[in-house]
């Protein structure tokens, strides 16, 4: 038996992303971001969120985040974060630090188990996930996602973390078919599968759309089935400057250059804010499409380097 | 960087299975069985459980079971079952029916969510899993694994199913390396991964041991990492008469022939019990090794048919 | 209490084919549904719907998404019966289905009662000391998480269609509206489809009601095979038989080995 | 309060290499351990142990099992830093680690106090209105689920080694035995390893105690860089320097690009 004819595609074009966002998320909503730290972050989609001038967003992610969250904060899109760790690893996140210290955003005090447990509970269709850890940490004193609970079998005290249901999840993967079956080729999938199952709406950027027959030939390798995906868009180097292994590596130099602007702005350098906003204008607002963006970050030459670095691993 | 030298193998020989069982499970313990219904059931390992004359076992499984459980009951190994569905699909399970109706075993009234939730809770290191379903069913009135619980966030009443920690899990997969990294090639993995994470000890039979480098070359395809596996044994056609796709299909004819013996015994046919025990003697007790067993079920000719059937799918 | 037409000839399709075709027509494009273990008719219904009028129907059991089998098998939960799939999942998905829920599910039963409750556990005695112990049921949560379900059975006799099941494995409408609402149930069986007839449920009393009889089957025969008072409207239709193109797709593509005719 | 030996020459290894070598020696064959995000030294320690004396050591973070990287990277949680692996997992494993637990884990901190508590959240002010907001910590559960942990930091100054952390991101021994036991904690930091020295914890008071200073570092210098009263025994050893074969394996196989020397 072969695939039915007349099946609707879930593939959208790059220039339809803005419209998709307009229909699925509003100012103040909870937005979930896939990937972790500098890998598999849907940066092309994040840049469109900024271009849409969305504001007062609540941001959640797998437990590690950095560049994209900092950029969203610098662009004025964020009111609250539910992020266990926010770091560029080699630097702290300047715009995040600045905004939290200035009190312009609320950085909720959460950890990995509360966030992952919240995604897991939502994916499992239950209102909470039990957690048996956390003794002695101040994080639990301030964490808005957790409550104490008593085990009905053993009587032991433990914690419950609340189900998290983002309004929209933005993910990046390496491959998908046009019906929204997603395939990660990277070793690390992080929380992408759980996030897809927990969110009301899911938009995934991929490096490459593959034929449906290719997906069907290897069903074990589908990481997120189409039933959890609302739209898929092919964006070459769509995770840049984060990596999309095994296809291309992390552009550390670009992240460092952003961090230099953002750190100068944080420190109150006279030209700091202007330079940071110029970065956003140049790399986020001005480009009309992904090709335009890639031109601003080194174009084919730089992308070939990142591909080569990934291949050498 | 390459694999360290001096690493201990987890591979055991067929003739070491008995000793492994003797060291890891006792009469009355909770034994978990992987696979589902007629696929991926570790029958060669189950036959060794019978040869070891283990008794009064408590049996748990993924939610669907049949042939192996019926055989264990017919051989007198079982005191209690925690099995949502027990069926040969085309027949009911005769020995199971007979034993429950005669009151010689206790068949606890459980369902899929309670069992899967119990494995999930154990795998997650928490004492219970919340479940938001089950309204209106009599199963919850008799299910020993569940209690009512109140959500600490919403106040809603729901259920908790208790963590299940089997003493030993027996699983079957298609491939593994000698260090116990398991790879399912079948489309269906059922609850094998959760069972491996929930059990105290895990023994896996596989169709084929592959080089460690093969596992490392495709890490996404490792279904159960070595840290959850205590021993692995290569047993060609080790799931027979259940299937191990894509390598070999289900031997329905053999299962039917067993069912005929068991059903006659259940119905009290004069030769019923003797014929059923003769089946066990011939196929379980007498064979000295897997080759000996395979000879009793049609040998190479029959196995080639089952391989061909799997390849034709 | 009469049928509108009667058939003089034996139908050229099997009862199971009639059941599959009827059910397939009730499935809507874009829906998400699943079936349990012994599910040849439900699988045929879903595959046929996907081919004929619902290309965006998603078939997602607990552990796979959108199978493309080359033929029907009596089981639905092994690799053989799935053929190729768009995704292979695990029992973790059992919980995931609780979140977004399903649009439809199919149930079977050893006993089915006048309120659409289903029993797969025991007949006679008690659950701890049954006269006859059934297979049990893998999954009883769909009464809560599936927005509708179908009862589909290959046996329609007084032994299976009883006034009150000995054990409620999966609830239908319990003992009627009061108990149904008191239990907090929101969904229930839409149709009960047997080799003889199609039944629905009276919206006032939640009792089973004859909707149509299959070609060649009399209303009296259905009543005689049912051990409770089946609600029978003045006018009972004959189930619309399989159209040629339905039968052709069913036999050529879905069930080339003729499992539903055996 | 004197060192047993002093070194006249600059060591031919870096402080980070000393830390990695010291930690590697404390890892035992057959153990299961993990490290967090910024973990070049812990990763080096585990890889070196696996090569030298612990071939059955399992390295399993939340999302991978037994990586074989070709070189060290500053992160440990991306494909680049893992190289090939024996298994790729997901964040579901975070919970799985709670079940069997880990034998060891590595922590870092913006502030570390005399009881081994770690702060990655804020310095000054409050968590809601911090003077300086840190990155936070991905995972704080290992204080409960790991049977021991190491504090490993690349900075040993009075700013990092404070009497009391402003915020307990991950607990060490809290405020000593009474509070530690009252909180129900069972495990804690074994060693605190810095570019200057190795500290352990006094079994009576749970306070940090100097164990050894690295070659070329004086006890007084460590004291001067620590903003709380470090317990100092009569006799402080010099940390056993890397043996030639340790350094060779570390540089040739684990860290061929010299990340720990940069």
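Here the chain labels run A, B, C and D in written order, and each chain numbers its own residues starting at 1.
Just so we're on the same page, a contact is a pair of C-beta atoms (placed from the backbone, for glycine too) under 8 Å apart; a residue touches a chain by one contact, two chains touch by 3 or more.
All values reported here derive from a predicted model rather than from experimental measurement.
Shared contact partners of chain B and chain D are A.
Distances between chain centres, each the mean of the C-alpha atoms, put C farthest from chain D. Counting C-beta pairs in contact across A-C and across B-C gives the higher total for B-C. Each chain gets a centre from the mean of its Cα atoms; for chain C and chain D, those two points are 60 Å apart. Separation between the centroids of chain A and chain C, computed from CA atoms only, is 42 Å.
The distance from the centre of chain B to the centre of chain C, with each centre set as the mean of the Cα atoms, comes to 29 Å. The multi-chain contact residues of chain D, meaning those touching 2 or more other chains, are 64, 70, 83, 85, 88, 95, 98, 145.
Shown for chain A are the residues that touch two or more other chains, namely 124-126, 131-132, 187, 219-220. Of all possible chain pairs, those that touch are A-B, A-C, A-D, B-C, B-D. Only residues 36-39, 62-64, 83-87, 89-90, 92-93, 96-97, 100-101, 103, 106-107, 109, 111-113, 116-117, 119-120, 131-139, 142, 186-194, 243, 245-246, 249-250, 309-310, 313 of chain B touch chain C when the two sit together in their complex. Within the complex, the chain B residues that touch chain D are 1-8, 122-126, 177, 179, 181, 197-198, 212, 215-217, 219-220, 222, 224-227. Interface of chain D with chain B (complex): residues 32, 47, 50-51, 54-56, 58, 60, 64-66, 68-70, 83-89, 95-101, 145, 253-254. Interface residues of chain C facing chain B in the complex, by the touch rule stated above, are 37-38, 62-64, 70, 74-75, 77-80, 82-83, 85, 88, 90-92, 94-95, 98, 120-121, 127-141, 143-145, 167-171, 174, 180, 183-185. Of all residues in chain B, those touching chain A in their complex are 121, 124-132, 147-149, 151-154, 156, 158, 160, 162, 184-185, 187, 189, 219-221.
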